[in-house]
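Scrolling down, you'll hit the structures one after another.
Heads up, the next two complexes both have chain A, just with different partners, chain B and then chain C.
Right, the complex of A and B next:
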């Protein structure tokens, strides 16, 4: 066996972090099985009532809504990010390459809240899109984009773009350019070459990017909260409302716990469902 | 000793060059990358069915030339014809060319059969015909029954056979081979070379083979284009590039050659006499045309051109000191120091008939160049 004298030193911070996170999770789990005492921040005795309340249509609907929102966001992000990632890998011009890289990755450093505020400026009734369309005379009254699911999805797509571009780029850059050359020499035009060689070989990156975008969006809070403005309910905005508007910590805890389990469940299901797609690109 | 015209290698080729329509023709093809010129005005005609090798050190432009013929690069000047059709502007997928890549580039997500069928499907050939031709191609490369394997389940040699089958099954106008043997171990390489050559001859497919390995080039090719620094130095049969190199580069790149310092005695259009110490040898006149008698020249001698002579033998000889002796199995390489005649140790290759333990370092020997194939070039500056 290889000797790793510093293994202990290197691993211990990670272990500490993991223990801290586990303790926090345990605290939330503990809260979720306590009774709510109205008008108090203290909690009552043990109960499973919180979880039975979750089965009410309103909350089930919120779960369903969140999953749909995540699927929509991940799908649109994938469609928009793929050409960017492809260009990033295949463009030879160094300046153009740097521009694409900077343009697609910089939003990552702005933070979700800043990006969301900028979307509010774009989507608002007096915002960029509406004022342009109205000044051009295309519409008479402003389009409602704030406080709608489409508005939330648009902003979330922007939020998830950088991470999707990174994951797709990683997948695409592993594809040997000679595969495409071979396909071309065998008579495949650009579209056929892409559909039969590049796309299938990039599937592992697509699956990884899609799953990451899904999980990323599921936990998104600022964007649905600010752009949805309480009209678009997701699991995370409900957790916030229950916890910090109603001060019902036990129920908020049970909702977040259920949300976490749900994310894992959906990701596991997706992993399974996407296995044949991923297999297309097996090398 | 055979002379140039006896070999019969040059004449038929140049005859067919003038009569048949070339399978590939390059007219002054130039390629630049930024400020660097990767290929200077390449002129080349390849006869149908010919096995032509592009040989040169890495960075000489041979791969650039291959990519230009395949259509993966656009030429900055000149024209390319395939089978008499101008293809300079034709995209790669319409050129009907088969390529075997250095790393084979078999589609990793497809079975062997689907890899081979790929080029047939793009041509819209009907399924039954595809199946028949894939089986035929697999039989050609002796891989019958491997249809459903994935490339990763094959050995290097098998992968190369599949790559060859995939390139040949489309009945390409030209087969391009980009250093296809470099990833194989030595023994497998030799057998694959024989097999490829055999298949190539059986199908009569025009083949352009890119390699930096001169032994490979000499053994497989009908003609070799020797390249360096983006230029084609010489296009000739293997015997001719070895025995009648066009210039210093070809003489030193192909095979082993030692350089002896000589003095030009006389030169005519056909022949020249060069003196090295007490010896005078005859060399072709063309490379020395325009030099005055008395000029310094470099005499290129192959290891097998030098013979050892006994001290009491008649006729002049050069005195040398044995620097090193390397036993190579079938032959012995002697490195000799020829005091005033060569800057570097001179290589002499003697057959196994000479005992391997006959010489020691420091022994004095007498040598004489004995060949019709000596060649001299004007002394290089510096």
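Right, the complex of A and C next:
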């Protein structure tokens, strides 16, 4: 059976697309080592200056800030998404199950702009939270939530919730219920059964969800840009500002390239760190 | 809810309460944006003093939104259809054959799942500048195909795995040529996976923002880009009204998809 009918037809469009993507990534790499010519869209000669500029405290700080933002978002998302995924797998009522699924998945399909805008109304000085708290007499003057890291994190958690729920549910639904029944029949209480059986078995889903949430947060632009309002600098907002406000595409390219390397490094590191945890779930 | 056993464990009640609160957090922005959309005043204040439908009228009449909507439909139709064709072919090849550089190609095509969208946008922008083709529809469509392909690939590949290979074998043992087997057995059996893959790609493409911001120009501006530009310039509830339309249409589409295909199956979250 060495015959492979239509192999060329099936694969060549995909090869072309992959080449396009590779060429775009190569273009970033090439621009990142070129000099910036102020006032011109053309680039100058070969230089490593872009990368030495990246080592300035401002940019190092932005990188650190971005990683922290991603880790916080992924952690909070995990904590909030786990109970929902658990309910989704364990609820027997069909209508209730559909409701939970639609309610938790719909935000995924709304796009970053709609969701970010909604959060601006929730968090703003005249927004929902401040109005409610002020009319209840809990606070006198509005809490500043727009243009703060906590505001950005709240909105980002909302953005990454659906994908985390999907991945955790996939992980939880593959668990054989007999393991839990066995633990219970041997006398383990519900908490012990969850901590020693269900949670370890769901670890592959947790790892997949956490890494995806991290990568998505790193990719987010509208949320830190609009809710951060220039006060919360992330790699994505800086790349945009460098490209479209100062037209310094070489430096924007080097920043993107560094960001890409960092994403892959963090994801690889996470995978390594979580390998023992993940192995728990494979047994 | 009657399916819960009569004797409820206190932990179960805590769990129900917890999930309710979390779902409240998930739905809060949609609820707030809906109330805001009916606000009569032009300032974003909560709760509104008086109500009207004028922001809905304005959002439907606003030129940039109308143009963005049609541009978005053009881009989405092209991108999701191209991604479906490319992704289906590649999923078939992945499923059936081994060939050189198979895993490299697969890794490369799945990489947009972790490559930040702004990086892909910037890369394509620089590439187009080097090739002097400029920004516009072709570039936006290319960006979208790259970004949605992983989702189509996943959806089609899952349906291929669930497909009964004996049906194809039966057809070819009865003398059908490989082409005939593909078009009369394999592809018809894949239709649910193809439809859900296309739908998924279309919704994601229609909503894609960051990469589109980098590669679109005024003529090829899609709806999310138009909305982003609006929110930076104005602070009236027009966008809230548009968001409500968005939320209602999306929830309806999802409910329909759930009725016809079973969302759980599409997203692969159902217990088998």
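Couple of notes before you dig in:
The rule is simple: the second predicted complex is superposed on the first by the 277 of 283 C-alpha atoms of A that agree within 3 Å, B and C clash if a C-alpha of one lies under 4 Å from a C-alpha of the other, contacts with A are read in each partner's own complex, and residues count from 1 in each chain.
Keep in mind that, in the parts below, a residue touches a chain if its C-beta (ideal position, glycine included) is under 8 Å from a C-beta of that chain, and two chains touch if they have at least 3 such contacts.
In this text, all values refer to a predicted model and were calculated from it rather than measured experimentally.
Superposition note: with chain A as the common reference, chain B and chain C can be accommodated side by side.
Touch counts on chain A: comparing chain C and chain B, the chain ahead is C.
Of the two partner chains, chain B is the only one that A:201 touches; chain C does not reach it.
By the touch criterion stated above, A:176 is placed in contact with chain B alone, chain C being left untouched.
By the touch criterion stated above, A:185 is placed in contact with chain B alone, chain C being left untouched.
In the superposition on chain A, contact of A:253 is made with chain C only, not with chain B.
Within the superposed three-chain model, A:141 lies out of touch with both chain B and chain C [touch as defined at top].
Shared-chain residue A:109: touches chain C; no touch with chain B. Across the superposed structures, the minimum distance from chain B to chain C, using CA atoms, reads 6 Å. Chain C meets chain A in the complex at residues 1-3, 9, 11, 15-16, 18-19, 22-23, 25-30, 32-33, 36, 43-47, 85-87, 89-90, 92-93, 96-97, 99, 105, 108-109, 111-120, 122-127, 129-130, 142, 145-146, 149, 178-179, 182, 203-204, 206-210, 213-214, 224, 227-228, 231-232, 239-240, 243, 246-247, 250-251, 253-255, 258, 263-264, 267-272.
Interface of chain A with chain C (complex): residues 4-7, 9-11, 13-15, 17-18, 20-25, 27-28, 30-31, 41, 80, 83-84, 86-89, 92-93, 96, 98, 100-107, 109-115, 117-122, 124, 126-128, 130-132, 158, 161, 166, 169-170, 173-174, 190-191, 212, 215, 218-222, 226, 235-236, 239-240, 243, 249, 252-253, 256, 259-260, 263-264, 267. Contact residues on chain A toward chain B in their complex (touch as defined above): 176, 178-179, 181-189, 192-193, 196-197, 200-201, 280-283. Chain B contributes residues 70-72, 91-99, 101, 103, 105-109, 118-119, 122-123, 152, 166-167, 170 to its touches with chain A in the complex.
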